[in-house]
Every structure is written in C-alpha cells, then in structure tokens.
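Multiple structures follow.
Two complexes, one shared chain (chain A), two partners (chain B, chain C).
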Partner chain A sequence: MIKNKNTNSNINGAKNVKNVKRIIHNIILVIFSILWLFPIYVMVIDGLKSASGVLITPILFPAKSSLGPFITVTTALERPILNSIIYTVPTAIISTYIGAMAAFYFYKKARMINTLLFTIIAIATFVPYEITLLPLTKFISSIGLLNTYPGIIIAMLIFYLPTGALLMSIFLAVLPKTTLESARIDGANDWTIFNKVVLPLAMPGFISTFIFILIESWNNFFVPLVLVTTPGMNSASLALMSYTGGYGTLYNESFASAFIASLIPLVIFVFLGRYFIRGFQAFGTGRKG
Partner chain B sequence: MVNIKLNNVSKIFKKGKTEFKALSNINLEIPDNSFFGILGASGAGKTTTMRIIAGLEAPTMGEVLFDKTVVSKDDRTIIDPEERDIGMVFQNWALYPHMNNYENIAFPLKVKKWNQNEITKRVYELADILGIREVLAKRPGEISGGQQQRVAVARALAKNPKFLLLDEPFSNLDANARDDARALVKKVKNELGITTIIVSHDPADIFALAEKVAVISRGNLVQLGTPKDLYDYPSNERVAGTLGDINIVDFDLKEKNGYYDLIFENFIITGIKLNDYNDSKITLGIRPEDLIIEKSTEIDSNIETKYEGNTQKIGVFEADTVNYNQGSFSVVLNISGTKIKGISREPIFYGDKVNVYINKSKIKLFEYASKDAIKLNEEIERN
Partner chain C sequence: MNKNKFTIFLFLIPTLIFGILLLYFVFYNVYYSFLDSSATVLVAKFVGFATYKELFSNALVVSSLKRSIIWAFVLIAGGNVMGIFFASLIYFLRNQKTRAVYTSIFVYPLAVSMAASGVIWTWLFNINDGVDYLFVRIGLPRFPWLDSPATAFPSLILVSIWVFSGLASLFYLASFQNVSKDIVESAKIDSASSFRILRKILLPEAKNAFIVSTAIIFIFALRFFSLPYVATLLNPYTETSVENLYVLYTSLSFSESSAESVIVMLIALVVVIPFALYGIKRWLAND
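Let's look at the complex of A and B:
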C-alpha cells in the first residue's frame, strides 16, 4: 500500500516536472511569436490609418481605420510584385536545381578538389554586392540585357547559384552513401541518380534552399537598383523605397506597401515552412533528408 | 556469367597524411558459377574487397579482371560499376526509401529501358521466388528486416546480372530469419545458377552456402580452400579461430623416445610425433566438439573403443560453467585459470566430476612463436 503510494507520487512528480517544462516551453514560444508577429501587426494597423492619423496616434495602437491606403498601394504595387515574382521564382528554382547538381558533383568528386571548390563557393556566397556594381552592370549591358527580365535573372543567379550549391552541399552530405552507390550498381548514370534518387531523397533540403533563396532574392534591392532603368521594370523591393524618402513620406502607405510586398514570401513560408524546418531537422536528428 | 580474377590487389586509404593499408597483395580467382565465400573478422577488408570487385573503389595497386577484360587497374577504374552488370546486396541493404518495393526491384530494369510488361513480369517472377509479392506496394520502411533483405536480393537479381555480391547480407537479421534467409539464398542461387560471392564474419554463413572460401585477416589473404578443409586444417591460429570456436592453449613439450607429451598442468596429451620442432613450447588448438566430456562413473575401461577414431582419455576434471545450446551441453573446465571448453551429450552441472577425452586426430598444432600451423603428415600417430 505504502509502496503504491510512493510510486504514485513519483509518477505525479515526474508529471509535474513535465508539465512545468511544457509551460515554460510554451511561454517562450509565445514570446517569440509575439516578437516575430509584431512587425506584421504594426504594418497592418498603421497601414489602415489615414495619412494624418498615422502621425498623431501612437504607433502601437489601432485608430480610425480604412482600407484606403491598402487599396492605393496594392494598385501601385501590382506591377512591381508581378515583376518580383518573375525575377525571383526562376532565380530560386534554377539556383536550387543547378546548385544541387553542383553539390552532387562535389559529393562524388575527390575530397581535395571538393574542399577547394567548396571554399571558393563559400567565399563567393559572402562577396558584398557593392563590390560587383561596375563589372555586373558592364557585363549585363554588354550582353544587351540591361533592364530586361533575363538580364536581372542572370544577375540574380550570379549571386544565388553559389548559395544554392553551398546549402545543397550541406543537405547532400547527410544522404545515405550506399543508397547512391546501389543506384550505380543498378546501372544508373549520374543524371538518373541525380533526378531519381538524390533529388527525391534531398527534397526537404531542396525546398528549404528554394525558400531561402526566394526570400533572399525577393528582398534583394541591389540588383534591380543597378539594372532596372524604367519604372515598369521595378521590383517590389525598389517600389517600396519610393514610399520612403523623396518628398514627404506617406507613413500609412509605407506600412501598407511593406505589408503587401512581404505577403508573397510570407504566404510561401506559411505553406512550405514545415519542409523548411524538416530540411534543417535532418541534421539535428540524423534523419536522412 | 563471368570468371573474376584479382591480381596482386592492394588498397591504401589515405586520411590526410596517414596511410592505411586495407588490403595487401590479394590474389583470388572466383570461377564461373561458383558460390564463393570471403570470411574475416570485422575490419579485415572484406567490404573493401567487394567494393573493388564492384568498381566502387579502384585498387591502389594490382588489377581486377572479368574473364579476359581488365576492369580496373593501378588506381584507375576502367569499367565503371554501372557498366559492370553486377548485382549487389549491401550490408545495410541500401534500398531506395522513397520508392515502394515494386519500384525498388524495377529500378534497374527501368534504367535498362525494359518495356513496362517485361518489367512487371520480371518483378512478379522474382517476388514469387522470394515470397515478397504481398509487400510490393509497401515501402521498405514499412516491412520487416527479413523482407527488406529479400527485396534487396530481388533488386540485385532483377537485371540478370553476371554475378551477385552479398556483403554480410544476414547480419541485420535475427537468428530465425537468418536461417530462412540462408536457405532462400541457396535456393535462388541454385535455381538461377549465378556466380555468387558472399562476404561474412560469421562462419555459419560460409558453411551454409560457400563451396570455397578465402579467409582474410588484416588485409591479407591467409588461406583458401573448401570450408571443411579450412575448418580442419587451418593454416594458422587466426584462421582456426575465424572458422569457429576453438580452444587455444600453450603446452610444454617433453620428449619420450621419439614421441612428445604435451603438458599443461594436469591436462596431458601423450604420444605426439613431431618432426623438426625445436621449441620447448607448442600451441595447441582443439575445437570443443573434439573434446568429449561425460559424467565420471569411476569405472571407465575400453576408452579406445568408446569413441570413433583416435580418442585418448585425458583424465577426470571438475566442470566449471555449463551452457546448453541446441541439443548439447558445452562444459567449461577451469584449469588454473585457463578455460577449456568441451561438449557433453548429457546434462552436466557445476562441480560435477567429468571424464575428458580428446579426439587426437582433430588436434591442431601451431608453432609457439609464429602461431603458424605445423604440418602433420597424415594422422597423429598413436603411442
């Protein structure tokens, strides 16, 4: 009887510890969620205010609202957002796919070459944009693609292909080696192995890399800034700038446009976010891709 | 079908500045249609040998031939694994986790661009032979280890390869599944008549399957022969241990008119004939089944006729630990700290007095210094 009680209280004790842990866990999650949602909250409530209202009411509290600013900026941002989609989606797909191919090549090749190329790529990933200003502009205009979709995509690829290769190398490193060897024994060539075995196994990593590059290139301000010469080719990131600076900033429209422009990456992250996280979890837990 | 030949194959792995010689001068010929075993302890170089045959590694020195064709030589792979037309079952099976079992087996055929009907026919044919038809729609992660192993065998066989490589194919199975799997592999091999190489650290695999076996130890090929030959006539102490349980004990030698007595405490074997042996000690190997143990009944005449062959009574000892396995009792004698294991057909208990007999024709003698086998011309002579 006494013994029973004892084990019971032990179990209760363990449960309590578990509960406390869970509560702390949740509190931390809530704090982080608030911190992360905070900018969105500010963008939305201040975007709903009137041009004068946004100046006289406290920034953190809602005031008299109308959809006016949102409607205005949405119309104005339609084209830039479409442009941004055209710039970034191909960039992200191509960078990730070709990056994955490069990563597969490194995976297969001898260690020494691998390390060397890998280092070069890692350096390329961290080259500051500004350094490339002149050569990039010269190069793109010399091939006659200044202020064109292909020109901007090519310029973006120059920056994001190394990122794709680098990230995909990290994801490929955890693939089971013998599974790929077994495909060779089964008679598959590199192309088949890449498409039928490597890509499906590395899909979570592929999606993570895709999302990462998509968001990075969506926010990229530098490439369109130097390569776009007419307003019709503006990217969302460029168009956003027109709401700040210049003569007299309309703060409500700034907030609204910032919100609209971040909507696309946000939606993608909401839908594909779990793959993003799963891709990175593959390392922590040792799970294969 | 193909005849595989390794000529002077060595493999050196380089890790930074350190070199590791995983294989040294291996010479092997695996005849067409045979079931060939490679036996060795973990880390001996078995997988490396197999990967070199498959083309996944190139030999650092030496060459590999399929019939008359050199497929790799001196650090160069001349024919890539995908061109070698072989089937291989990896130690961890290496199935494609994202495909179902049907697609796994069909993969080599799709690569070869077989048409859909032929593929289906072939997959079902193999699935029937291997008894995995019900699991074809599932993925490898959803079936048992034994079934995964069969899927791996089916995938390896699908394209009718020139030969089949099995790398420890049973080591991830539990004991019961292992017996079934061995029987199945033997059946498949006989039905399809394909040259097969099995690599294992477990002599049970070799005895169940291989017609011929090469023993590898620390990257060296130490002996080649039929499993029975190697079991009975190991070329050194290490091979003896690799092929199965064996007592290894160092004995003192005492000459008595041309014959020797082997003495270890009160464990004395008499009347051994040795030619040109110049050491005062000798290493003896005796397998437990050749050390016969029975309950001591005081009166024990007619020793000579009691057991077949060349049996000698060693004396009466006390049983230390006793283990029962599969119909026999293995009895351990503790002779001043040295454990010697024998076999009894009747139950024996701790502390029982037992008679110990040795089958002298099964004694294996090794040079004390080198541990190499001492050739005994024919049987060990009786006193």
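Let's look at the complex of A and C:
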C-alpha cells in the first residue's frame, strides 16, 4: 500500500516537474518574443502619437492616438515607395528569371570550367557591394543613367543577378534529370523545356528567389544613396534619412515613417515569409526546394 | 547537337555580362588603388603601394578597419549563441504552428531595412525618452547608449544581434531537425534533460549550421553601412565608423577610396572563397 502510494506521488512529482519546465520554456519564449517585437510595438504606438502626446509621454508608453503622423509621412513617402516598387520589382523578376536561365545552364552542364564559372557567381553573390562605390558610380554616369530608373535597376541587377543565379541553381539541383530526358525525346528545344518544364517544376524555388531578392533590394540603402541625386528619385529606405532622430525632431514621425517604409516587406514577410526564409536556408542547407 | 550546345550557352550569357561588370568593378578598384588619382589631381600617376602605406598610417582608417572586424567577430559570437538558444527553444516545442510563429518572430528583423532599424533604435536609445526612461524608473542607472563614445559602438552591435540571431537560428534548427527523431525520443525515455539532449545529441551534429552561420554573418557584417550611417553619421567621435563608411567619406580621393575597397574585398574573400567552395558541394549535390 505504502509503496504504491509512493510511486504514485513520484509519477505526479515527475509530471509536475515536467509542467513547470514547460511553463518556464514558454515564459522564456514569450519574454524574448516581446523583446524582439518591441520595435514593431513602438513603431505603431509612437507613430500614432500626436505632437502633444510626444511631449508628455516617453517612447515606451502609448498616448492619445491620432492618425496625423501616419497621414503626413504617407504623403511624404508616397513617391519614394512608388520609386522603390519601380526599382525592386523589375530587379527581382529579371534577377530570378535570368538567374534561372543561368541555373538551367549549370544544371545541364556539369564540367570543370562550369564549376569555375559557378564559383565566380557564388563569390559575386557574397561580395560586399559597398566596395564598388567608385566604379559603379562612374559606370552608371558614363552610360548616362545616373539618377534614372534604368540606371538604378541596372546597378541592382549587377548585385542581385548572381544571387538569383546561385539560388535558382540550388533549387534546380533537386529536379530529376529524367523529366528533361522525356521532354527532349518529345523533341522540345531548350527554350521550351526551360519555360514549360523546368520553371513550373521549380516554381516554389522561383517564388523563394523572387521574394528574397525583392525584400533584399527593397532594403538596399547603398545603391540609391550613391546613384540618386534628386529627392524625387529617393527610395523608401533612403527617404527615411529625413526622419532620423535629432534635435528638434518629433519622434512620432520617425516611427511612422519607419513603419510605412517597412510596410511592404513586412506584409510580404507575414504572408510569404516561408519563401523568404527558404531563400536564406538554401544558402545553408541547399537541396531543399 | 552542336547547335544545341550553342543555344544552351545563350542561357548563361546575360548573367555572365553582369558578372563580368562586377569583376570589372573589382579590378577597377585594384587599378586605381595603385594611382594617386583624386578629384584634385589632373593627371594621375602610378605610385605603387604608396596609397596603402598612407592608409595604414592613418589612425581613422585603421580604427574603422578594426571596428569592421571586431563587429564581425562579436556578431558571429553573439549571433551563434542566440541562434543556438532560439533554435533549441523552438526545437523543443511540440506544435508545428507555434514553431513557425516563433521562428517568424525571431527572423522578421531581417526583412526590415537596416535604415529603418537605425531610425527605430536611435530613438529607443534616446537617453531621455527611450528605454532609459524605464531603466531610471526601476532604479537602474541611465545607460548612455549612442551618446557616449565608449557605448555607441556596442549599442549598434546589439542592434545587429537583434537582426541576425534569427538567421543563425534557422541554420541550427535545420541541423537539429536532421538528427534522427528516434535517437532524441529514446534519450527522452531515458529521462535525459532537454539541456543534455541539446549538448550531447543535437549540438555535435550542428557543425554545418555553425560554419554557415559564421560565414554568412561575417559576409553580412562586412556589408554594414546603413545602420551606422543612419544612426550616428554625424557622430563627432567617429567611434562607430566602419570601413564601408570610410570608403564613402573619402570618395573624392579616388585612389584612397579604391585602396580601402580593395582591403575590404580581400578580407571578404578570405571567408567568401572557402565558403563558396564548401557550399558548392552541398548546393549542387543531386542524388
């Protein structure tokens, strides 16, 4: 009897320990989530503060809300956001599509010389692009495209096309070669096979690459900084410069502008984040389309 | 057959053209770094390594360079530690959905531009209205953050850890999930603690995650530009200047700027080339 009771309480004890552990585990996760989400919280509550709210409350606490700051910065950022869309959507589409073409080439040909070419593309993907400041500016101005949409898109392509080729190569590597063989027997040429067979099969990878480049190029600060010379051509992240903290600035507009400028990548992340994450994962683990 | 070989090569050409442009930029820097070219020099002449010598005797350049490297190493340490921490917290969750939600929470800073992060954190580091407001209320001393030369740089490193921990956790989580479930389950039945499972079973299998996180964080750290640019551009102490910013400061002294670029490029290549070669085996494996 007594022995039985003991085992029972032991089991209960073990269960309790397990529950306590689970609770601690969750508390730690929640604490770090709050820390990590804190910037989102301040962007929203402070972006909604009126000028008087800014003067009487600190950044950490909400005040009476007003849509004023959001309306002001949205008006100011309309053009930069439109510019960012013009810069990044073609960049992401072209980088992904042309990158996929290069990937298709590497997929079909596995030879020494191509390993070398592929290594160069991998290196180009990871080069710190800031070092091209001078040659990039000189090149873009020598072809007369400084401060123009095509000029900035070309500059972005120089940096993101290797990324597109590398990511698409990783995603194509998992496609079974037998599919291509059967298409070839049907007499299809490479162009048809690429568009009708390879791209549809690699669609999840294509979307990952597109989303990855879209977000990365949206957040690119350097290219517009050196190639834009008039405020009308500013990108969203560049336009933020006029809202940085400083004496005499009210912080409500800083937070509202950071929020508005990040809204498109954040919305994409919320809905299609797994594709963005897969882009990063591909660099690490490869082989997972 | 020959015609076919040619058409498939056409697929590579557009990428090659842009790749060659990038290479051209790199060699342009190398070439200019050996001249004495600048906005004020009409005819540039060859000066060999003179520009490099000058740079290495310039305290500001040396300190910016040091700072870039220190930033990379501290971020690698911090990012890996936090990455392992987050990955294990997420790994031991049962529910797939909860896992996905927490992963997104820790990764989302990567989707926000460093410029926007700079704007947000500059205000959070404000010594009157920011997190210090809370510090003072709960009896802690006011921390100077960006306002003091000694703490400005560490504060920016903290922001970068906030950005990159999630990235490292992705790689560790993938490694952990590659470990056979049976081994982990039987360890649990033997009532091994989660911490023991992590230390004895999961971490020994995470070598790939460590290599990839370290290499990618290093590569991203060498690109840092907009965060210090936005947060402390006019910092009077130049205590947060990294090498990329210095390339910009000196952009009118063409050769100086080029030589700095070459130095950054060389440091990057030390990691990028081995990483690319290491990656190719995994990326293109097809079996």
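By definition in this document, the second predicted complex is superposed on the first by the 215 of 289 C-alpha atoms of A that agree within 3 Å, B and C clash if a C-alpha of one lies under 4 Å from a C-alpha of the other, contacts with A are read in each partner's own complex, and residues count from 1 in each chain.
Criterion: a contact is a pair of C-beta atoms (placed from the backbone, for glycine too) under 8 Å apart; a residue touches a chain by one contact, two chains touch by 3 or more.
Model, not experiment: these values are computed from the prediction.
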{"item": "Chain B versus chain C as contact partner of A:87, first or second or both or neither", "value": "neither"}
{"item": "Touched partner set for A:276, first chain B, second chain C, both or neither", "value": "second"}
{"item": "Touched partner set for A:70, first chain B, second chain C, both or neither", "value": "neither"}
{"item": "Touched chain A residues, chain B compared with chain C", "value": "C"}
{"item": "First, second, both or neither for A:210, with chain B first and chain C second", "value": "neither"}
{"item": "Which of chain B and chain C A:192 touches, first, second, both or neither", "value": "first"}
{"item": "Which of chain B and chain C A:37 touches, first, second, both or neither", "value": "second"}
{"item": "Chain B versus chain C as contact partner of A:25, first or second or both or neither", "value": "second"}
{"item": "Set intersection of chain A contacts, chain C complex versus chain B complex", "value": "189"}
{"item": "Sites on chain A touched by chain C in the complex", "value": "21, 25, 28-29, 32-33, 36-39, 42-43, 46, 58-60, 98-99, 101-102, 104-106, 108-110, 115, 117-124, 126-139, 157-159, 161-162, 165-166, 169-170, 173-174, 177, 189-191, 194, 215, 218-222, 225-226, 236-238, 240-241, 243-245, 251, 254-255, 257-258, 261-262, 265-266, 268-270, 273-274, 276-277, 280-287"}
{"item": "Chain C residues touching chain A - in the complex, by the definition given at the top", "value": "4, 7-9, 11-12, 14-16, 18-19, 21-26, 28-29, 32, 86, 89-90, 92-93, 100, 102-124, 126, 128-131, 133-134, 162, 166-167, 170-171, 174, 194, 208-209, 212-213, 216, 219, 222-223, 225-226, 229-231, 244, 247-248, 251, 254, 257-258, 261-262, 264-265, 268-269, 272-273, 275-277, 279-280, 282-286"}
{"item": "Residues on chain B engaged by chain A in the complex (per definition of touch)", "value": "54, 56, 80-88, 90-92, 94-98, 107-108, 111-112, 155-156, 159"}
{"item": "Complex interface listing, chain A residues touching chain B", "value": "176, 178-179, 181-189, 192, 196-197, 200-201, 288"}
